[in-house]
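Paired with chain B in one complex and with chain C in the other, chain A is shared by the two complexes that follow.
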Partner chain A sequence: MTPWLADDRRSVSDRKYGRWRGLPTYYRAQLEMSLGIYLAYRAQVVGWLAGSLIQPLVLIPAWQTTTGDGQIGGYSQGLFVTYFVVETLVTFLTLNFVVIEFGARVQHGYFSQVLLRPVHPIHHDICTVVAYRIVGAVVMVPSLLLLTVVFGADTSALSMSGLVAFLPAVLLASLMRFVLEWMVGCLAFWFVRTSALNAAYYSMMLLLSGSLMPLSVLPQWAQSGAAATPFPWMVAFPVEVAMGTRTGAQVWMGLGWQVVWTCVIVLLLPLVWKHAARRHSAVGG
Partner chain B sequence: MIGREGIVVDGMSKTYRVPVRDAGLSAAFRSVVRRAKRTVSAVDNVSFTISPGEVVGFIGPNGAGKTTTLKLLTGLLEPSAGTARVNGHIPWRRSPEYLGTLALIAGQRSQLQWDLPVVDSFALNKAIYRIGDGDFATRVRELTELLDLGDLMNRPSRNLSLGERMKCEFAASLLHAPQLLFLDEPTIGLDLETQRRIREFVVEFNSRQGSTVMLTSHYMADVEAMCKRVILIHQGRILFDGQLRELTSRFAAGKSVRAELGRVDADREGELRRLFAEHEYHLVGNQVQISVPAGLVAAVTNRLLTNFDVVDLTVTEPDLESVIEAAFAHSESRSNG
Partner chain C sequence: MITSMRHGAGLIRAVLGIGIANLLAYRADLVLSGVQIALRLVVQIVTIAIIFNHTSVLNGWTAGQMVVLLGVHATLEGWLELLVLPSLYDLVDAVREGSFDFVLIKPIDAQLLTIIQRFNPAGLSTLASGLLVVVVGVTTVGTSASAVGWFILTLVFSAVILSSFVMLLCTTCFWFVNVTNFIDVFAMSFSEAGKWPLAIYPRWLKWGLTVVLPVGFAVTVPSQAITARADGETIAFAFALVIATVVASRLLWRRAIRSYTSASS
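Showing the complex of A and B:
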């Protein structure tokens, strides 16, 4: 063995770790690794995706039966199918497992190794999310096409302008949901056992985001209440944009709310993380 | 080269507030309304200095504060009081520049990706620590050779034995040539051959790279093989900080005289009892072992040689375990008044 430190002028003590320096290289390597993990457990990925298809498989017939030949909240049978197909796509594009994983990491002390790296752990999670989308798309896209055909979706509501507006809406929704859930995940440092917290968060998400039903079927007061929370901006809004329910100024206003929520969370996140990382001491590992 | 000041710890303490309650269901219900807590001191006002390139054994029983100290120095924990500077950095600020200079290898934790070939974990560390292609290739080759990794590199970590995984763990952790190496029970659960190999490797790595090494271990063979200096910690406080040989001379009660006697009958046994009544001795067959205070070795040896038919005779230092036990016993008797 040659003495690395003595020979290497770019030795470890002189290596620079700027906030962004070297991140592209790290992202490429971590993304490769995360893809490798998902590909090593193909059955698990298929299982998760199959699980996410159960919801539309149950909700579509239920709402079709309820609607009959009429309309509820402006949705006919065919529009309900379109809604839940797009909603499943949006959920796939925004979903992450950060809240659940934080609990396990903190409880079992997995965070120690990650905290020792000179790279913020959020970058690891971003790569994991991207890898999930890449691997999952192979199963999700054909499944959604199948749902569209089998249940007879009314695709007349989908327009090119709606789909163009859908892209930034779903991207912002994905970013907003990721940073929000990373912040919620940090609460695991205080609570340690997070199953109750997770249950509360996912219940709110289910009820207020538009995952169980289009928000227009709710009474006006419930719609107003939901709009004051971040949840509809992460699911219902991109779906409504794609379906042309929101157009023109409504789209710009919605994108604005997404940006505001995301900025607020991004500003709060370092503060929460700083205190959360200090709490790491209390839970050991 | 910057940042090679070593480790300077000054009055560092770490306390935890932990919930406590009595046993039983009623106590569980009471704790819902009124949660009692008490303060536990894991590390209590410790101070020490470690020079760059030193290898120091950090020894103590379970719960003594060894791992807490390592966590404080690696920045995983923030102290309740006191300060520490490591190579010019405050560890718990966790600056990337500091984290990039250290490695923590814990026998019971793995940084290798469980599901993927070891070589993939190496590639990730290359990106994390920004190791150049040339350096990476050289280091992988040398570490593979030195640790005899061979075909382990292409196997998923989950398919490796504990010893194989530990060797890969060392290689992965050292790819970035850390200046600071924290080893927390690195040989725990390993077979004797792998333990020996790991010890030799750490000694080799330290002598070639000049990295500072802090080691905790319950295996005294680790400490004896790797460390000239030891810090003894007990109940969060430092009992001893010095050279290993000083530890023996300070806490060892004496030496051990072992003799193989030519013939042992009832008369000879009676003679042994008479001559060595004031010493602790054990007779098994014709082998006798006598514990002797340091200043009386010559007298006891002379008495044996004069009065018995001695076939073989050796004088040995007490083993490190006994010395450390004596040190802890000494500390407890002092603290109990």
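Showing the complex of A and C:
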């Protein structure tokens, strides 16, 4: 199928009303619909959230035991708790299901319906992600507070200025992760069976983003290696900003890197998408 | 009794045959699942390596013993992937859609048929790689003939405990309908919490992962047994847990079947 959005093939309505005119209406309607879906399947949402809370529940004791009374990579027992609580929050705020959903869409042929709509499918995904966070926050926020209390987090590191800087950092992280995973998802058009590819992506994400451990506990060479990839900017950076491990110029530098990575991906995305959608050959109906 | 057992054995053989035929039909998938398993193990072993870069013993567990534990974890994960989880996902769907009728009308025990109805051969590679990791780990920490015997026994115990436990969870689908969530959460907690020995957890979590959600216990006990660190009390407790979960899942199943009203029209 020819992609709808190739520039030379704009629809009549596009030419008449411009490309972006209808979008606010679309967003309102789609967001309402996505919210409705998550509220209808709230048990499922709670299940996913419970799943994402298992990781800190396990990693906190693991690192506390390793640390003992000392410090590792600048983290004491209490600071490890704070790290993983903030990390879980960041993961919740940056997580999306794009990579998994893309595989299913291509494998089962759902993409035909999506491609028939006169709106780029990325807008649908943005609405889904936003709706998930709104519904999920109701469970996530109290659970994180509970973790903080139960494991005795050292919250002295959290400061007002850190939290102010955290907001743009986590927003950019979320945006960056979304566009990056949309691009990774597009690979499904070439490979169809994407399970191994996704596993490779998630393995790197786990090790290099700071989800399994603060990056400062890695050996020096691994830390510099990780810094050259996009991964730390999506999880570790916002956490470190909130915890005050990165301040002043380091924050600005980090935000700059996030913007650079996001721009590079956003520039590449239409190219990848154009070629990917051309390869689409509608499996099933 | 003998005929019904022979019947059951024939059935298991038939299901295995179909699974292996599937496996050979999708060889590329087998390679891909191999890649996934390898990546998962690499991430876990790198994590262990980083941790033991900072400490030499993790609450009584050395690096070699942790590798053994990872192997036991992968072995049990393979067992769950092979038969238990795919079959139980099918059960939940079948009850929701009403096709469970077809299971019930067959002249075999419905619970047996349910647990073996779907065979996912990719689980075999996870299981095999898990055993391989156990062997690698054991070469560094050493073992004895009797310890290997206890290991095999406790590994079987753990496989039974985990299977009956998920079965118990899934049987609630006869009342709550869509419980795939329960299976998801179980699978996630097994793959996260099962990678660590019970020794690292605070008391409440230790009990939680033994009695409420026995994933921590199931992985820890065989790992202790092979390095001759499991005491009689622990093994007796494991045996008690086997009996308890099997009996509970059988009783709940019977009740569920009695209240099943079929969703088809």
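Simple rule for what comes next: the second predicted complex is superposed on the first by the 264 of 285 C-alpha atoms of A that agree within 3 Å, B and C clash if a C-alpha of one lies under 4 Å from a C-alpha of the other, contacts with A are read in each partner's own complex, and residues count from 1 in each chain.
Simple rule for what comes next: a residue touches a chain if its C-beta (ideal position, glycine included) is under 8 Å from a C-beta of that chain, and two chains touch if they have at least 3 such contacts.
The structure displayed is predicted, hence computed values, not measured ones.
Student: Which touches a greater number of chain A residues, chain B or chain C?
Tutor: More residues of chain A are touched by B.
Student: For A:Ser156, decide between first (touching chain B), second (touching chain C), both and neither.
Tutor: So A:Ser156 meets neither chain B nor chain C here.
Student: Quick one: classify A:Arg28 as touching chain B (first), chain C (second), both or neither.
Tutor: First partner only.
Student: Examine A:Arg278 and indicate which partner it touches, taking first as chain B and second as chain C; both and neither are also allowed.
Tutor: first
Student: Classify the contacts of A:Thr247 with the two partner chains as first (chain B alone), second (chain C alone), both, or neither.
Tutor: neither
Student: If you stack the two complexes on chain A, which partner ends up touching A:Val58: first (chain B), second (chain C), both, or neither?
Tutor: second
Student: Give one of first, second, both or neither to describe whether A:Ala40 is in contact with chain B, with chain C, with both, or with none.
Tutor: A:Ala40 contacts chain B only, not chain C.
Student: Pick one for A:Met213: touches chain B only (first), chain C only (second), both, or neither.
Tutor: second
Student: For A:Leu116 in the superposed arrangement: first (chain B), second (chain C), both or neither?
Tutor: A:Leu116: touches chain B, not chain C.
Student: Give one of first, second, both or neither to describe whether A:Ser224 is in contact with chain B, with chain C, with both, or with none.
Tutor: After superposition on chain A, A:Ser224 lies in contact with neither partner.
Student: What residues on chain A does chain C touch that chain B touches too?
Tutor: Overlap of chain B and chain C footprints on chain A: empty.
Student: Over in the complex, which chain A residues touch chain B? Could you list them?
Tutor: Interface residues on the chain A side: 1-6, 8, 10-17, 21-22, 25-26, 28-30, 32-33, 36-37, 40-41, 109, 112-113, 115-119, 277-278, 280-282.
Student: Can you list the residues on chain C that touch chain A in the complex?
Tutor: Going by the criterion above, the answer is residues 28-29, 32-33, 35-36, 39-40, 42-43, 46-47, 50-51, 53-55, 58-59, 178, 181-182, 184-185, 188-189, 192-193, 195-196, 199-202, 205.
Student: Provide the residue numbers of chain A that touch chain C in the complex, in ascending order.
Tutor: 43-44, 46-48, 50-51, 54-55, 57-58, 61-62, 64-68, 72, 193, 195-196, 199-200, 203, 206-207, 212-213, 217-219
Student: Given the complex with chain A, which residues does chain B contribute to the contact?
Tutor: 1-4, 14, 16-17, 71, 74-78, 87, 94-97, 99-104, 106, 109-111, 113, 115-116, 120-121, 123-124, 126-130, 132, 135, 138-139, 142, 146, 156, 176-179, 204-205, 208-211
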